[in-house]
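Only one structure is covered here, and it is reproduced in the block below.
We call the chains A, B, C and D, going by the order they appear; numbering starts again at 1 in every chain.
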Amino acid sequence: MKKTLVVMAVVTSLFFCTGLFNGAQAQSKTPYKIGFIVPLTGYLSWLGEYMKKGAEVKVEMINRAGGVNGRPLELVSYDDQSLPETATRHAQRLISRDGVVAMMGTGTAVVSGAVSSVANKSKVPAVIQSGYALSDKETFTFNNAHPTDFAISRPMMYFQKKGISRVALLMPIGPLGELGSGIARKHAPTYKITLVGEEKFDVKAPDVTTQLAKLRTLNPQAIMAFTTGEPAALLARNMAQMGMNIPLVVSHGNATPGFLKLVAQTPGTVIVPSGKIMATETLADTDPVKKVVVEFSRAYQAKYGEPANYYSGQQADAVALIAEGLRVTKSDDPVKLRDAIENTKNFPGCNGVYNMSPTDHQGTRTEDMILLTIKDGKWAVLD
Amino acid sequence: MRRLGRYWWIILLLFIALYPPTLGGMSAYKSGVLIFVGIYIILAVSLDLLMGFAGQISVGHAAFFAIGAYVSGILTAKYGASPVLALIAGMALSGAVAWGVGRPVLALKEYYLAMATLALNEIIVTLIIGLQWLTGGASGLRDVPAFSVPGFSFDNHVHYYYLVWAMVLLVVGSSVAVARSPFGRTLIAIHSDETAAKTFGIDCARYKVRAYVLSACYASLAGSLFAHYMGFLAPDDFGVMTSINILVMLYLGGIGTIYGPALGAVFLKLLPEFTYQFQDYELLMNGIILIVVLVFMPRGLFGILTGIKERVFARSAR
Amino acid sequence: MNEFSTLVQFFFSGLTSGSVYALIAVSLVIVYKVSLLICFAQGEFFVIGALTMVTLTSKGLPMPLAFACSVLISAAVGALVERFLIRPIRDASVGSLIVMTIAISLALRGLALLIWGKESKILPPFSAGKPIGVFGATLQPQVLWIIGITILVLLVIWLFFEKTTMGVAMRACAENRLGASLMGISTEKAAFLSWAWGSGIGALAGMAVAPLLFMQYSSGVMPMVKGFIAMSVGGLASIVGAVVAGYLLGVVEAYTIGLISSQFSDTIVFTLLIIVLIFKPSGLFGATRSREV
Amino acid sequence: MAQSAEMILRIADVTKSFEGVHALTDVTFEVRAGHIKALIGPNGAGKTTLLNVINGLLPPDIGHIYFRGQELIGMSTDRIALLGLSRTFQLIRLFTVNNATVLDNVMLGAHKLLKPTICGALFFRRKTAREERVVREQAMDALAFVGLEWAAAMLPGALSFGNQRLLELARSLMSQPELLLLDEPASGLNDAEVEGFMQLLSAIRARGITILLVEHNMKLVMNVSDEIVVLDFGRWLAEGAPAAICADPKVIEAYLGACMENGGS
């Protein structure tokens, strides 16, 4: 008997201990909580930084203007370390412990996949930003980043205009490269472009001249390399080294001050597809997004002392889309919120004018993108 | 107290079984954390059989974790196979790979062995990325269905929690049985002194390979459980960092004790639940915690627990 | 562009990568040679060296001075790590030593993150100048710097370990502890110094290579893994072997990418590593050692 | 050779060199079944090397070794052990990892009787347990034989040096050897322990186990061995009964030389 008692006592005390691990669940219902999963460490941490700043500025702007339906927004952010498993845990925590109405963030395709999987299982909307291509089954996931399709077809549009028809692909080993390669193959015929060859490279490699030398033998007029950050800069540098004076198209993720610093000194033409936020001054007053972009840029500059960039703008759009959805439904129900976001129409954001529908969870158009290049160490609009 | 020491496993069983119902509506988050904990317990315990008992260093255990996960993922998501069959197929393939590379690789010692196993991990990961048509490549494999047996689907997270923990108990229990058996004793002899072991007729190479195969099968099981829970697989989760994490669990908990590595897995997988708010400081903190454990607790957390137990018993005996 | 110039470019590409691998392999070997320990934190010294140099030059320190300071700072960090973190567990198993150096690498990386943040930094090349063209292929002048520095490092190491009493004594430590103590150096002191040397050279590698790459707090992982391969192929304890293997690795990698497959080059390289380990465990350049029974 | 029927071990023309240094040169001798044969010689005479060659740890450059007429060269150490050849080591080599006890060590000696498998551990537990019980009893007997039954549950590291030697012997006996190779089993023992050890050797011999003994302690060698073979610088120097060896001027010279090198120890 004594034995049973001891066992029971221990089990009960264990349960008490785990009470701590439950955390404080009941909190004031007042703010709308938005879960934010963002790479703050790991190889994309620099990107996460911009996303975080963008989201914070937008939330502040909305709250200063009185919030949504009289309730403020609150960000609950977690670092996904660019790892799917970590992201899955965070997504689950956000939904069942923090009680968020929606999630946003990610930044890498694999983390998006993990978060999307949780979002659709738990039926909570997720507005992600990455090159992740959505499938029909993922009814609770939105991707407000410009689809990789646009980022590939936009420069192809420009090439056709300039009479460039021979293009080589140099894709990173990784999700972005796989995606970019597939899409480029799909769209090339539309713009009368011949893909003369394709090579892969490891984003951590210290040198890619081997691949470039191989491609050079095929006489391409431009190279498309769907890669972001350091490897993109390394490509530009290696091309300069080899005297390959042809345009290099890199991914739309590069429209950041960080990347500008990396390639500012490198000769050669680097083309970065981007959103209109990178060219605030050149926007026509009639442009529907001008007001949003200018206001956001001003607030961002005031808070962080640096110009807003593509990533921060994109993240701000995610906040705005969720806020707009909440405003329309006036409810905390995630399914209703999903429906509301899905019905967003003519909604101007930094990335363009969003028109969502049950079949289009991305909302923007190819024309919402612009092409940037670097002149005198500064961003310049190419097309 | 002595009673408690003897019946602790009943307590543990009751706790595991009663946790979800008593704490009512166990949330997806809580069950998620505990499911990951369980999966890593299986990984840590399986590596302990190889490292703690057979004494063979592996810095590439995630290779078998990956094989299990991807065989389950591919067979169920792409070919609609039964998850149970896929799980067995994963274990068979892991075992076969371990058997195939085991003899030459395990002939290496210490750092050479560490390098070779690390390379094995990299090879598996680069193959997963490279064989995109099969594995989904770096973009990941989507839509892995929930685990099911004919007539029952574990699509509810509480059900899956029970499934995973049943497997944990099975693996831990069988590992303890193996470790305490003459087979486990033979491994200890090989670990202590291969030359001396050989002079007693122990075919070291064969026993090392057997331990490796068993360890790989368990890791593969963990991989299959992981695949069905995640629903989405990407190579990022199976890199050398994962292998190193498992290695860390061993030393954190106390290598060569089975329960120690399990404890290490619990600790290391629960730790982020408390340190995530430190964000930029997390990396530094994790490093420091580990250093402190290694310097001040060479027998790991389990060593501390048994130390306390011994002290308590000594006192009550007095 | 003809076939030949492409092949030469592959070679130059291999030379560039190889120069990175070779230097970091040397820093790994130095530590191993004396204290019989492979340091998984070596990549962090690589990063610390480069980032310290970036900071110092941006503060206006002249290049050579910044260079020397960064080496010394890293060497000091390495020596302190050995003294306070490695020495207490010196006699632990290989496994726990590996885990310890991993823990140290996490801590140092965490520290680098806090000090330098997440954005990549650029270090300008040591000398300005156009890429060097040979047969239509090009090579960055910085690579010549790295090769020069590598030769210099080898020379200094050779002088130290062959010509100075302390160096000879340190070398003796790995082979015979008693012999070393007779020569007036304790194994502890030797290990301490070897870490200082190892992390100093690791830092040197980082600084020399930084102009080719972009450096941030986690940039050390890839070079370290490749450094391990070079070190293993070179025979763990052979400095010259490590350098040769480092360049060999770079060149093999480049030709694998160029001629076989850029997608599977890593698969092939790691498979080759396992094959080398199995059939020539003492490395391609290591002497076969008779195992003591 | 005519009398090979009763010769349990025959060493024929064994030569082994390390990087040009000859450790063994054309060594030839035989060990008669049931005897205790001592192998002596100054330091560096190649005695331990010869033992390593016999039980397969080192391949010889040339030469043959026959155990009961069966060639051992080319066979792996573990297979040689299965034939009934067991040994102890000059530097004690006990199993100490993971808190292996004295009893565990002795039971490991019986590996060839158990041949444990994973299936045995998981599925045929009753059979395994039964076998294990038998082996455990035998192990306790072996410990009792060397006088260590009191230490069964202790860690080997907690035993005195002399007791560790005895433990190694008990472990070797567990493998039911026909031939036992002992590598300086009395080194580091005090006089009383050597005395006990001598009796133990005689008792082992009485069980019908042949012993090849490498030893420096002349008192022990002279007392227990039936025959002595002397190696000097890897070469066969002399062979014969203890009394004859004692009187052999070649042996005396070799040992004197060795004594002077060792500073008269």
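For this structure, a couple of remarks:
Keep this in mind: a residue touches a chain if its C-beta (ideal position, glycine included) is under 8 Å from a C-beta of that chain, and two chains touch if they have at least 3 such contacts.
Values in this document were obtained by computation on a predicted structure and should not be read as measured data.
Counting C-beta pairs in contact across B-C and across A-C shows that the higher total falls to B-C. Ranking all chains by how far their C-alpha centres lie from the centre of chain D, first place goes to A. Between the Cα centres of chain A and chain D there is a gap of 72 Å.
Taking each chain's centre as the mean of its C-alpha atoms, chain C lies 47 Å from chain D. Taking the mean of the C-alpha atoms as each chain's centre, chain B and chain C sit 32 Å apart.
Chain A and chain C have Cα centroids lying 36 Å from one another. Among the residues of chain B, those touching two or more other chains are numbered 129-130, 195, 280, 282-283. In chain A, the residues that reach two or more other chains under the touch definition are 40-41, 173.
In chain D, 57 are the positions where the chain touches two or more neighbouring chains simultaneously. In the complex of the two chains, the chain C residues touching chain B come out as 32, 38, 85, 88-89, 92, 94-96, 98-100, 102-111, 113-114, 225, 228-229, 232, 236, 263-264, 266-267, 270-271, 273-274, 277-278, 281, 293. If you check the complex, the residues on chain A that touch chain B are 2-3, 6-7, 10-11, 14-15, 18, 21-22, 40-41, 78-79, 82-86, 88-90, 92-93, 95-97, 109-110, 113-114, 116-118, 121-122, 135, 137, 173-175, 177-179. By the touch criterion given at the top, residues 51, 57, 59, 101, 104-105, 107-108, 110-112, 114-116, 118-120, 122-123, 126-127, 129-130, 195, 240, 244, 247-248, 250-251, 255, 280-288, 290-291, 294-295, 298 of chain B touch chain C in their complex. Every residue of chain D that touches chain B in the complex is listed here, in rising order: 55-57, 76-79, 81-82, 86-87, 89, 93-98, 100, 104, 107-109, 111-112, 114, 116-118, 120-122, 125, 128, 131-132, 135, 171, 175. Within the complex formed with chain C, the chain A residues making contact are 40-43, 45-46, 48-49, 173, 199-202, 204-214, 216-217, 229-230, 233-234, 241-243, 258, 261-262, 265.
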